[in-house]
Structures are given as C-alpha cells and as structure tokens.
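Down below are the structures I want you to see.
In the two complexes that follow, subunit A is the common piece, with subunit B as its partner first and subunit C second.
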Partner chain A sequence: MADYKEAPLATRPRTLDPNDYFNLSQEKRRADEERAALRANLKRQYLTQLNNPSRTELIEDPALTRWVYARANPFPHFRPTFKTSLLGIVFGVVPLVTLYYIFKTDRDRKEAQIKAGTRDRKFNLAY
Partner chain B sequence: MAGVGFRRWAQTLTKGRGVGISALLSGARAASGASKDSLPGPYPTTPAERAAAAKKYNLRVEDYEPYPDNGQGFGDYPKLPDRSQHERDPWYQWDHPDLRRNWGEPMHWNFDMYIRNRVDTSPTPVSWNSMCKQLFGFIGFMLFMFYIGEVFPAYQPVVSPAQERSDELFM
Partner chain C sequence: MLKILIPTVMLVVTTWNVRAKWLWPATLTHSLLISMLSLTWFAHTSETGWKSLNSYMATDLISTPLLVLSCWLLPIMILASQNHLSQEPANRQRTYISLLISLQIFLILAFSSTEIVLFFLMFEATLIPTLMIITRWGSQAERLNAGTYFLFYTLAGSLPLLVSILYIQTCAGTTSLLILHYAPALPMTSFADKLLWAGCLLAFLVKMPLYGIHLWLPKAHVEAPIAGSMVLAAVLLKLGGYGMMRIMVILEPLTKELCYPFIILALWGVIMTGSICLRQTDLKSLIAYSSVGHMGLVAAAILIQTPWSFTGALILMIAHGLTSSALFCLANTNYERTHSRTMLLARGLQAIFPLMASWWFLASLANLALPPLPNLMGELMIVTSLFNWSWFTLLLTGAGTLITAGYSLYMFLMTQRGPLPVHILGLEPSHSREHLLLTLHLLPLLLLIMKPELIWGWAI
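Coming up: the complex of A and B.
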C-alpha cells in the first residue's frame, strides 16, 4: 500500500494521510475545538427550534438561503475578463457558428445535387 | 418565492387603501425572512470585511477562503474543500441524514453535484495506476485479439465447389 496513488480529484484514505500522524500540534487541536464550538452552537439553535412544541412553521435554514441566493445571482459579481470572455465565446458563439456552417454547406451540397439530378431521391412516404 | 409575491399582491389589493398600493409600488419589503446582510455579497477586500463574511457563513476567520476574484460571479462565497457527501461519516447523527449535513452548515458551491446520488470523491479501494492498467490492459487485449481474428478468421463457410461456381455468376 505504500505506493497507493489516489485517483485525480478523489481523496486519499485517512489511514494513509501523513498529516494525521505527523503534523499534530496544539494549534490544530485548538482549531478543531473552535470548529466544534461553532458546530455545537448551530446544533443548539436547530434543536431548540426543532423541539419547540409550539412551533407551527418550517425551520428556515439561512445557509441554504445563502447558497440558493449565491447560485441564482452571480451577475452582480460578473466582470468581463479574458477567461470569462473566452468561456462565453467557446460555449456560446462557437457552437452556434460552426453548426450554422455545417448545416448550411451540407444542405447547399444536397440542393446542388438535386438540381443537377444526381441525388438518389427514392424515399416514398405513401408506399 | 412566487407564492409569497402573489400573497403580498392579494393582501395589498384587498386592503383597498392607498397605503397598501403605494407600499407595493415603492418596493418596500417586509421585515421577515433573511435580511440583506445575511445574504452573500461582493468579494471582501479588507480584513474587517473578511471577518464579517466568515462570521456570516459560520466559519472560522482562518478557515474562510473566498473564491478568487476573477469575475466569474462567486462574490464572497467561501471556497470549501471539494469533498463529496459520500465521504461524510455515515454513523453520525446528522440533522439531515440523507444529505449528511447539519443545519446551518455552509454548503459547497457545487453541493447539488456532491450529493450521494451523484459525484463521489471518496478514496478508491485500488490505486489509480492499478485501475488504469487493468482497464486499458483489458481493452487493449480485446482490441488486439479482434484484430488477429480479422486477419486469421477461424470460421470459413463450408461450400461445395459446384455451389461456389454458381455463386460467382450471381454475384
């Protein structure tokens, strides 16, 4: 297992991660405790609302609201740069233009063949 | 969202007073729901803005890392590690067990991609090199054998000499 190489974009198993064995320090421990404190606070808020016997409405999740809002409103933070312009051209303009040219030349070729009488038009719809 | 809008329309119109209609036309919102400062905003430039954004998203200031400001529309949304929900502890008591997520926890930008029905970034049981060798080895071997089969076909149709001669005429 020493030569285990994880797939690109996948994670390494925790038992093979050297940081779990070597880079343990007081700061890391304190950071983990701060994160646990944040998590516990959120848990307390949620459970208070959940177990409230006089609650009639749904429990609103502000993190979900923020996520939906962020995904639905990227335009205020959009700025035309080299990268965004390139992406826009590659995904918006290039397919349109190439498909137009492909279809136009193909149909023009077929039309020329029909006019010259060389096209095989044996398809019969009725019989 | 549309349901809320229609309800407001109906309420202000049925009130019938000028105050209701003018409130609707002036664009004033009710004080309920998420307030403006709890929603995502622009990229934070000063350390004070970063601290406020970290607090808004329930992250530690050291953990909060916004997406780089390259104009792609992220704003101040935090860049969380690209880990799928498959990797989360299946035995912990999550608030939402099927999503393996707690209430209020900041959601990854691509959360809907990382749910348990979709992309899985958990560690593979076999290493990447081994998987590549097995897959491409098998495909390569099969392609090679089919090519050999085309060059040296094993099954020839058995036909008598008389039938072969008459077949040639009607080719």
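Coming up: the complex of A and C.
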C-alpha cells in the first residue's frame, strides 16, 4: 500500500484508495461489517446446501427466479412513455404500413401489366 | 375409417379396464397398432381425390398426412407422459389417458370430416380436453391464466366462424366440402361479404396463430404438461392451417384484395417472433415462439393460394409438427431433471448426456430447416411461391430464415455447450424411454426425406 503507484493511464481501484484505507468513519465501518455479516450468512446457507450429501435437487437461487419472472412478465409494469411509444410505432406500425404499401403497389403494377399484356408470363396458369 | 375409429374408441375401454400395472404398456401398444393401421390411408388409388368415403367422413391428399400425424402422436404422447404421471393414483392416470384419447378421436373426426359443420364442431371440441390437460396437470400457477387465454382467444375467433358457416349453409344450400368446391362462387361485393370473409378466416388465424393474435400460444405451450405441449404444437395448430386450406376455396375472389394485412402480419411475425426467441430465457417459451414463426410462414402461404404454396404449407405443417414435438420432449427431459425451464440452469449437458445431445442437435437442425429434411422442402416452396407473389417478400422470408437459424443454434449452444453448472447433482441418466421417444419423432422426419410424395398434397 505504501508504495503503490498506478500505471500511467489506469485509475486507482477503489480498494486501494487511501480514503478507504485510513480515516474510516465509525458508521462506514459498521455498515461494512453489517454487509459482510449478511454476505457471510448467505454464503453459509449456500455452502450448507451445496455440501449436503443427501441433496438431490437444484439449489434454488431466488435472484434467478426473480430475474426469470421479471423477464417473462413485463406487462404489469408497462407504462406508455415516449420511448416505449416510439418503439411500438417503429416496430409495430411502421413496418406493417410500409409493407402494405410496398406489396400493394408491386402487385397492382403487376396486375396492370398483365391487363395491358406487357408482362412476360412464361409459366402456365393451369397445370 | 371405421378400422381406426372403433379401435380408438375402444382404447378408452382398454384404459379403464386393464390392471394398473399394465396400463402404460397396454395403452401404448394399442395406440401404436392404431397408428400402424392409419398408415394404410397413404395408399391413394382413387381418381376422385377423396378416399374412404362415407356420408360424413373422407380422406384426401391434404387431410391424410395430418390424420396420420395425429394418429402417430398418440403413442408418443402416452410414452412421454409416463414419467410425470407415475406419482399419481391409477384412476387419475386413466383419466389423463382418456383425455388424450378423446382428443385423438376429435382430431380424427375433424381432419376427415367432409362437412364444414362437423369440422367446426370437432374444432371446438378439441378445446375442452386440451383445456383440462393444461389447467389440471400443468405445473405452475400461471396455468390458469394460460387456460383462460387459450380458451377465450379461440372461442372469440370461432364465433364469427359459426355465423359464417350458417350463412354459407343458407346461401349455398350445403356445407359439404365435396360439393362446395364445385359450387359457383358466392357474389362477394358488399361490406357484409368482406365481414363474411374475415369471419370465416379469423378462427383459423387465431388458431394458427397469426402474429398479432398469438398471445395465447406461448402461455398455453409453456404451462401445459408435456403431452399437452406436444399435441398443441404438433396437431392443434395444424387444425387452423387445415381449416384455412379448406375454406379458402369458397372465399374467392375477395381473397385477392383482403389478404394483404394478414400476409403482412404473418411475415412480419416471422421476424418479430424470431427476434423474441433470441432474447428468451425460458426454454419452452423459445420453442413456442418458434412455432408462431413457422406457422406464420404457413399462414402466408395458404393465403396466397398457389399449388406450390399449398404444398409447401402442408409439408411445413407436418415437418414442424414432428420437429416442434421433438423439441418439447427434449425440453421436458431437462425439466424432469431440474424442475426448471430456465436455460441458464441446465447448460453444458453434452458432457453428461451425449446421446441426448445428438437428439438435441438433430432437432435443432430440423428446426432451422436444414436440407435435406422436409422442413427445408416446405420452407423453400413457401419462400419461392411468396417470391412469385411479390419480390419484396424475399426480404422478410430471408431475414426470417436467418433469424430462425440464429435462435435454433442459440438454443442448442445454450443447452448443450458451455460450462456445466457447479451445483447440479443427481441428474438421472437418460432413460431408454426418452431415447425411444425422440427416435419415434425424428425417424419419420428422416424417412420423409426419401418419400415426400406422402405429404405434399395435390401439387406437383
């Protein structure tokens, strides 16, 4: 710690920040110890389950369950904002309208050519 | 026809009368014999196009592949359900199998009916056993929501169909498919006729499903037990496609003007559902959305009504039925071991289940339409006929094929490759039953490469 010097373009990591090493306030230390206690408790729960010799099932990760549920059910939290409305229009309305326009004009042009007799139809209509 | 129907009805009697120890082998053998008998429908020797004709039922070249598929599916469903039902009391197992058999009977009657009213009745009747299977035997609490969505989406779509069928009956005097295909075209000029057109097609589009009205499908597929997912993906979606094929003949010439929104929705749906698949964390949900994409291609093909597109649609329906059902069975093998559908949890399985990894590989390749499998045949015919309809569809179908390949490979790599999770213990080795199940799915698919004439309908 005494003679740590950063590399020229790197930033000093937080764990080696002298403000975090010396002159620590009491509240900060207490908060850090509380967090460490919680982490240790969770780790002990996990290790108990991991090393249980009669366990046959998966260890359930509540964070994973919440994440999967959140990925699968976004609708209750949906709020129409500018960004979501823009996304909806760009991916939901604009493609459908443009595609309708493209297909209709293309097909109408084909039909007009067929009616005028200018289209070269090599294949038979009825087989 | 009776040689299939009477054994299927008697299968219910078998289910309730065998001893509990012999329930699964007996029903499996009986249903396998019925499916072997159903292969006789493939011998098309008549010139009229309709075979096995009686007053209300007949088979022809587009209903035969679907009929054989539904008959083939029953032994596979029974095989797949054996494990998760083993904990239940015998009478409940018998009830479950009876639900599957009743579904089978309704499906046989639906696909072989020559009257549109009978087809509609059976179309609706298939909802009830499926609803019971989903809501009673599903595993999560969301199954009630799923059952509600499934039932009410389909019912809401089919009420206009009922009204339209009754109108066709009064207008044309008959609803028999044998006659209606030769009837003069109904005059279709007013707005009410446009509503008739939409009413006839809406139920089938909901069932297919079309992209905008597809919300019931991921829910129903994910929450259903394995047999429910299999029958939904393999056959019930195809009821929509088959119904559309039958009823399109009556709806000319309005289809030329009115089909655009639905073709556009279907094709855009291929891309959108493919993109959703790339983001999925739930394995069954991924397979369900891929079903929506494939069926979107089928819907677009049926709406443009050329011989090649009908052929492509039919081939893709059969190939997708087998592939999707195989993928659901594979997802179920994962689910039975980890009791979770999250893909992240069951990774790197190739290291511990190498033979199952080869089935995953084949099923994923089939899903991305690898040549020479019939999936490619169907998709290629659909893409070609859509290209003939309008050149710009190639942008959508091409991008769709690309995204399909993307998510199929994503699914394969997520489940098979990568690091095994550290905390997973006690994964049972693969049962021979599971290998048999997947063989029975993939073997017809591989055999169809050799003889696609069986499934390509009238064309070519």
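Operating definition for what follows: the second predicted complex is superposed on the first by the 64 of 127 C-alpha atoms of A that agree within 3 Å, B and C clash if a C-alpha of one lies under 4 Å from a C-alpha of the other, contacts with A are read in each partner's own complex, and residues count from 1 in each chain.
By definition in this document, a residue touches a chain if its C-beta (ideal position, glycine included) is under 8 Å from a C-beta of that chain, and two chains touch if they have at least 3 such contacts.
What you see is a predicted model; the values in this text were computed from it and never measured.
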{"item": "Subunit B versus subunit C as contact partner of A:Leu64, first or second or both or neither", "value": "both"}
{"item": "First, second, both or neither for A:Lys83, with subunit B first and subunit C second", "value": "first"}
{"item": "Broader residue contact with subunit A after superposition on the shared chain, subunit B or subunit C", "value": "B"}
{"item": "Touched partner set for A:Leu42, first subunit B, second subunit C, both or neither", "value": "first"}
{"item": "Which superposed partner A:Gly117 touches (first subunit B, second subunit C, both, neither)", "value": "neither"}
{"item": "Which superposed partner A:Phe91 touches (first subunit B, second subunit C, both, neither)", "value": "second"}
{"item": "Contacts of A:Asp106 with subunit B and subunit C, given as first, second, both or neither", "value": "second"}
{"item": "First, second, both or neither for A:Pro13, with subunit B first and subunit C second", "value": "first"}
{"item": "First, second, both or neither for A:Tyr4, with subunit B first and subunit C second", "value": "first"}
{"item": "On subunit A, positions contacted by subunit B and by subunit C", "value": "59, 64, 67, 71"}
{"item": "Interface residues, subunit C side, partner subunit A - complex", "value": "260-261, 263-265, 267-268, 272, 281-282, 285, 307, 338-340, 342, 344-345, 389-393, 396, 423-426"}
{"item": "Subunit B-touching residues of subunit A, taken from the complex the two chains share", "value": "3-13, 31, 34-35, 38-39, 42-43, 45-46, 59-67, 69-71, 73-81, 83-84"}
{"item": "Subunit B residues within the subunit A interface of the complex", "value": "33-34, 38-40, 42-43, 56-60, 62-63, 70-75, 77, 82-83, 87, 95, 102-107, 109, 111, 121-124, 127-129, 131"}
{"item": "Subunit C-facing residues of subunit A, complex", "value": "49-50, 55-59, 64, 67-68, 71-72, 91, 95-96, 99-100, 102-104, 106-107, 110, 127"}
